[in-house]
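Heads up, the next two complexes both have chain A, just with different partners, chain B and then chain C.
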Partner chain A sequence: MIIDVTVNGVPRHLKSRSGDRLVDMLRKELKLLSLSPDCLQGRCGKCLVFMDGRIVHSCLVPAFKARATTILTFEAIAKNPEVKDIEKAFQITQTQPCPFCRSAKIMAIFDLLSRIPLPGEEDILEALDMVSCPCSDPLGLIQAVKLAAELRNKRKFSREA
Partner chain B sequence: MLFASTIRSPFHRGRNAKVGIDALPKGYSAILAEDLPRHSLFPSFKDGIPIFASEQISYRGEALGLILGPDPGSCDELAATARVECEEEEPEQEWESFSSSQIAYHYSAEYGDLEKMFAASSTELKEVYRNGIFDHHYSEPMGALSFWDKETLSVHCATQWPDDLRRRLSGALSLSEADIVVHPTEMGRTLDGRLWYPTIVAAQAAAASKISGKPVRILYTREEDFLHTTKQARSAVSIRSGSDDQGRLLALDIVILINIGAYNPLAPELVYQAASAITGIYFCPAIRIEAYAIRSNTIPLGAMGSVGATHAFFAIEAHMNNLAQRYSKHPAEIKALNILKKGQSTFGAPGLSADIPLDRIHRELQLVSDYPRKYASYELVKKRDPGCREGIVRGIALTLGYQTGRSFSEQSTMNSYSVEATLDRELKLLIKTQAAIGSEALKTMWRKTAAEILSIQEEHIRFLLPENTHSLPSGPMTLSRGSTVIQHLIEKTCRSIQKKRFRESLPLSAKARTRAPKASSSPEGLYPGAQLLDSASWCGTAVEVEIDALTGRPIPLAVWMVIDAGRIISMQTALASLRASTLSALALCTANDFDPASAGIDDYLADFNLRMRDLPDIHIRFIDPDRNGAAKGIGELPFVTIPAAFYSALTQALGLDPRQLPLKGGEILRLLEGS
Partner chain C sequence: MKLSEVFFPQDVAEILELLRKNPDILLLAGGSAIVGSQASRTISLPEQVASIAKVQELRKTVRTEQFLEMGACTTFTGILSLAPTSLPEPLGSVIKAIGNRGLRNIATIGGNLCCENRFLDLWPFLSCMEAQVEFRSPSGSRWASVGHLCGEDNRPLIPKASILSRVRIPLYNYDFIYYRKLGNSLYPSSDSAMFVCMANIARDKVEDFRLVFSGDKAFRLKDKEMSISGKKTSTPRREIRGFVAEYKKAFEEMGLFDPRPFTALLEDVFGRLFL
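Our next item is the complex of A and B:
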């Protein structure tokens, strides 16, 4: 079947087989390799995408459910200044997520900061729990999120001023 | 490019496997053992480890062949429909009472007059401690991509040991090593799950590529990887101890059984490390050790984080706690009485020349964790409420351990590491080493070291890609080798360049290589491990655990670590590495025990059990981190100490001694109900 969907701002007609998940379709048809699904059960979080503005595990979404929706993957948000803030925070706090979960962790933090500009510890823990990968220092990650929020607010505030 | 799916054995054990495949669609083909020259990849056990099993099936799920084709989904379907027949044999699953034919490796050693010391003992205690099978939970399932470029074979594969992979491929495919290029790909945290198994997958892809003449990619699904690839070996350690009226150890009679599953080429290393660790913390004048690597018809089992040492530390620490109970003493008191000190020796080796800081670590750890007060109060709570009916159930325990950063193996390739560095006229440093597959954190540490010695900018230091460093031999890149052996070699090469720098003109190069002493070179010939303790890093860990009253789930509340690891080059990197490893080690303690007979993907998913919100407080203190001298490894320390501490804390909380890890919530509730 053909699924009409807007992916990263471009309208697409994507081929999909019955039983395919959204993540399969995005990887196979569009080679969006920031998605590296592992568990296919919504636990590892390495397949996070924005679907009509909401962050979802694309391994839990049947491909046909994506019909007429707008999907954003890491590839689309990578050049966003908010993502640059997160990457800078990773660098400063020397938090280095592995290449398999890096984009998913950035997606989760990006989502958190766009919803809650000044997140509390609980909000941060909840967001980071979306991605299960044992590669990085958990305290470093929490520090990185706090710093990313600070950098983001500083940048936005100074621009508005 | 062709995709490949693996045809697997449905039998646990059998001979003369035959694979029946219906007519394949156009573009699809099958490759079986009969299409390849008879060759074993690793000289493990009698028959070695084959690329595809045929004459002998050793475990259910063993690879028998590949289906190649342009669509991965269709390859999976075709591989699943292959019919496998064989002369089925009764599988050998029992390993604790094993037959002589199951012994893959045996090591025994004896020191002192054991029987005399047992006769002089006032207390004898004998217990068996069991450790389960754990998955490595690495980031990406096993896979390999192989293709031919004229006469050169290129293999892309996530491996911890590219040098060995190239050597094995050369033997299996009758190619010169110079005609094989291994491109190590990103690995994430592997916990030693990619030491040797990727070689089998890479060899299958390379053979398929050679036969088909096209690039071939094998990529396991997570389920396939979880069910059929290597895991941490399980163990049963029996300890019989004799001690005097104060609780001082006089005699230890130890039997270590490590179940290595169908095969493991590193079985001797597992056995040596376990035997070394079990006698490396406490002094005892008479010791006998019988250590075995035992085969059984299950998936290959092997290293995890600390190659066998975890099993041993878990057993000896649990035993010391039991001993304390027998004497009605504080566990810390019994341990302090027996801790190995400078000048004492293990196994008749010369007295340890280095200062063994265990005594200091033990004291500091008690202070920082408030151990004596907490231990006493939890004991009091338990005495007042033995059935734990009134609410919070907690326990605290501390353990000691070390990591050596060296291998005991007599295989020279296990211990050969080399580094070459060149400083050019623009003061840019190029470092060549196959170990450059290490993490970014490691590379940051190496850059910092080289920049300090040569007074150059860190940005001017780069590493040559590992595929271009084949001329420099390298042992496996485990958790500790990067920060110990390679770090030392980088320091050595940079110092050598620095010495010549103002006498000779640039560019300047220096090369350094290392080789650990062979076991046979030990002067006593008794105990190779004792010499290597001189370069160990030492650690004490305390863990505080609470048991959820409703579910029985053990929740780690806090972890304290006191570490003596020589000079700490980057404090931030060291702390980050230890905290990440601490979480992984804690997750193992509460993980599902992998049962080869009934495991499914749900067991894998159930192991994602330690959430960010369950994070314990982690306190880490280094002893004299700014001192001069060599840096030592720290990555394995949480893996060698936390399981033992976690288990002992759980024992105190439960008031029972289950003598096994892991323990799940349901089992804990049953134990509490039974009490």
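Our next item is the complex of A and C:
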């Protein structure tokens, strides 16, 4: 079947079979290789995408459910200045997620900061619960997210002023 | 790979028409329970599937003074985004403990109640709260207690050829609410279960006592609940130990898979409820 979907701002008509997962359709049809179908259970977070503005595990979504939706993947999010804040915060706090989960953690933090500009520890842990890679120290990650929030707010407010 | 025919109904009338033509069609809202429980790369689906998540009639929320009514395709995130005054307090906590944010963005209340293999987290809680569900079929609609989604064999009993369209939760406050989730899996496994107990306390007496334990099977003893309702909170310890033993025995007879965590929970709940 053909699925009409907007991916990263571009309307697409993607081929899919009824049993395909969204992650597989996006990888196969559009070569979006930031996505990886790893655990297939919504644990590892390597397939996180924004579907109609909400972050979801694309391994848990049948491809046909993407019909008439808007999908954003890391490839589009990466151009956002918010992501630069997150990467800068990783650098300053010396909290570098491993290459396997880096984009997933950025997606989870990006989602968090767009909902809660000044997140508390509980909010941060809840957001990072979507990515189960144990590569980085949770305390370091909390520090990095708080710093990313600070950098983001400073950039936004200084621009507005 | 077996291919399925996928339908995208726009409203409930179209869903009912699909059900009339094929009573075995799979109605898929979030799909997280069905997709997440499959380890293979390709999802196995029946011959016909209807994607119903975007049907607006199934996503409406209404709050009155007596109850909160939600369309079955309301996602958990949608429920959590309701104003705190609209949401019965412990319901929010139970939902927050389900999976992670990514999962809660797609999983729906209807999907959680209609799982055919086992009872998921919301069933015991809504059963204690005496929530109602509306089922619509080509022959009409009917409301039933959430408790009716449990068959005589204590396993889930989901009516065939019908759609769970609405869930109505009474906004009734309980003085005593106790719930524990057993097992750490994001998805329910053989070791996961929910234990829920609710009661009111008036004039030093326990009233409206409800206790449900569910996993693969569900356990609730309405006659025992009636016998405990009306007991004084200062009931002697010996008698309370008797309640625990009776519950334990009755549930073992009903085929409780592992009574050990259940016994500890029973002792804890009765210890807290009775001073």
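Simple rule for what comes next: the second predicted complex is superposed on the first by the 161 of 161 C-alpha atoms of A that agree within 3 Å, B and C clash if a C-alpha of one lies under 4 Å from a C-alpha of the other, contacts with A are read in each partner's own complex, and residues count from 1 in each chain.
The rule is short, and it goes like this: a residue touches a chain if its C-beta (ideal position, glycine included) is under 8 Å from a C-beta of that chain, and two chains touch if they have at least 3 such contacts.
Computed from a prediction, not measured in an experiment: that's the story for all the values here.
Visitor: Quick one: on chain A, after the overlay, do chain B and chain C clash, or do they fit? Just give me the call.
Guide: When both complexes are placed onto chain A, chain B and chain C end up side by side without any clash.
Visitor: Quick check for you: in the superposed arrangement, does A:55 touch first (chain B), second (chain C), both or neither?
Guide: Touch partner of A:55: chain C, not chain B.
Visitor: Quick one: is A:139 in contact with chain B, with chain C, with both, or with neither? Answer first, second, both or neither.
Guide: Only chain B; A:139 stays clear of chain C.
Visitor: Based on the superposed arrangement, let me know which partner A:94 touches: chain B (first), chain C (second), both, or neither?
Guide: The answer is first: A:94 touches chain B but not chain C.
Visitor: Determine, under the contact definition given at the top, whether A:21 touches first (chain B), second (chain C), both, or neither.
Guide: Once the two structures are laid over each other on A, A:21 reaches chain C alone.
Visitor: Based on the superposed arrangement, let me know which partner A:41 touches: chain B (first), chain C (second), both, or neither?
Guide: Both chain B and chain C are touched by A:41.
Visitor: By the touch definition at the top of the document, which applies to A:129: first (chain B), second (chain C), both, or neither?
Guide: Both: A:129 reaches chain B and chain C.
Visitor: Which partner does A:64 reach: the first (chain B), the second (chain C), both, or neither?
Guide: The answer is second: A:64 touches chain C but not chain B.
Visitor: In the overlay of the two complexes, what angle sits at the CA centre of chain A between those of chain B and chain C, given in steps of 10 degrees?
Guide: About 90 degrees between chain B and chain C, seen from chain A.
Visitor: Between chain B and chain C, what is the shortest CA distance in the superposition, whole Å?
Guide: Superposition on chain A places chain B and chain C at a least C-alpha distance of 5 Å.
Visitor: Do chain B and chain C touch any of the same residues on chain A, and if so, which?
Guide: Chain A residues touching both partners: 17, 40-41, 43, 126, 129.
Visitor: Spell out the residues on chain C that touch chain A in their complex, using ranges where they run on.
Guide: 1-6, 8, 28, 31-32, 35-36, 38-39, 41-45, 49, 51, 53-54, 77, 99-103, 105-106, 186-187
Visitor: In their complex, what parts of chain B are in touch with chain A?
Guide: 73, 137, 139-141, 186, 188-189, 222, 439-441, 444, 572-573, 575-577, 579-580, 583-584, 587, 601, 604-605, 608, 611-613, 615, 618
Visitor: Quick one: in the complex, what on chain A touches chain B?
Guide: Residues 17, 36, 38-41, 43-44, 94-96, 98-101, 122, 125-126, 128-129, 132-140 of chain A touch chain B in their complex.
Visitor: Quick check on the complex: what are the chain A residues that touch chain C?
Guide: 1, 17-21, 24, 37, 40-43, 45, 48, 51, 54-57, 59-62, 64-65, 67-68, 111, 126-127, 129-130
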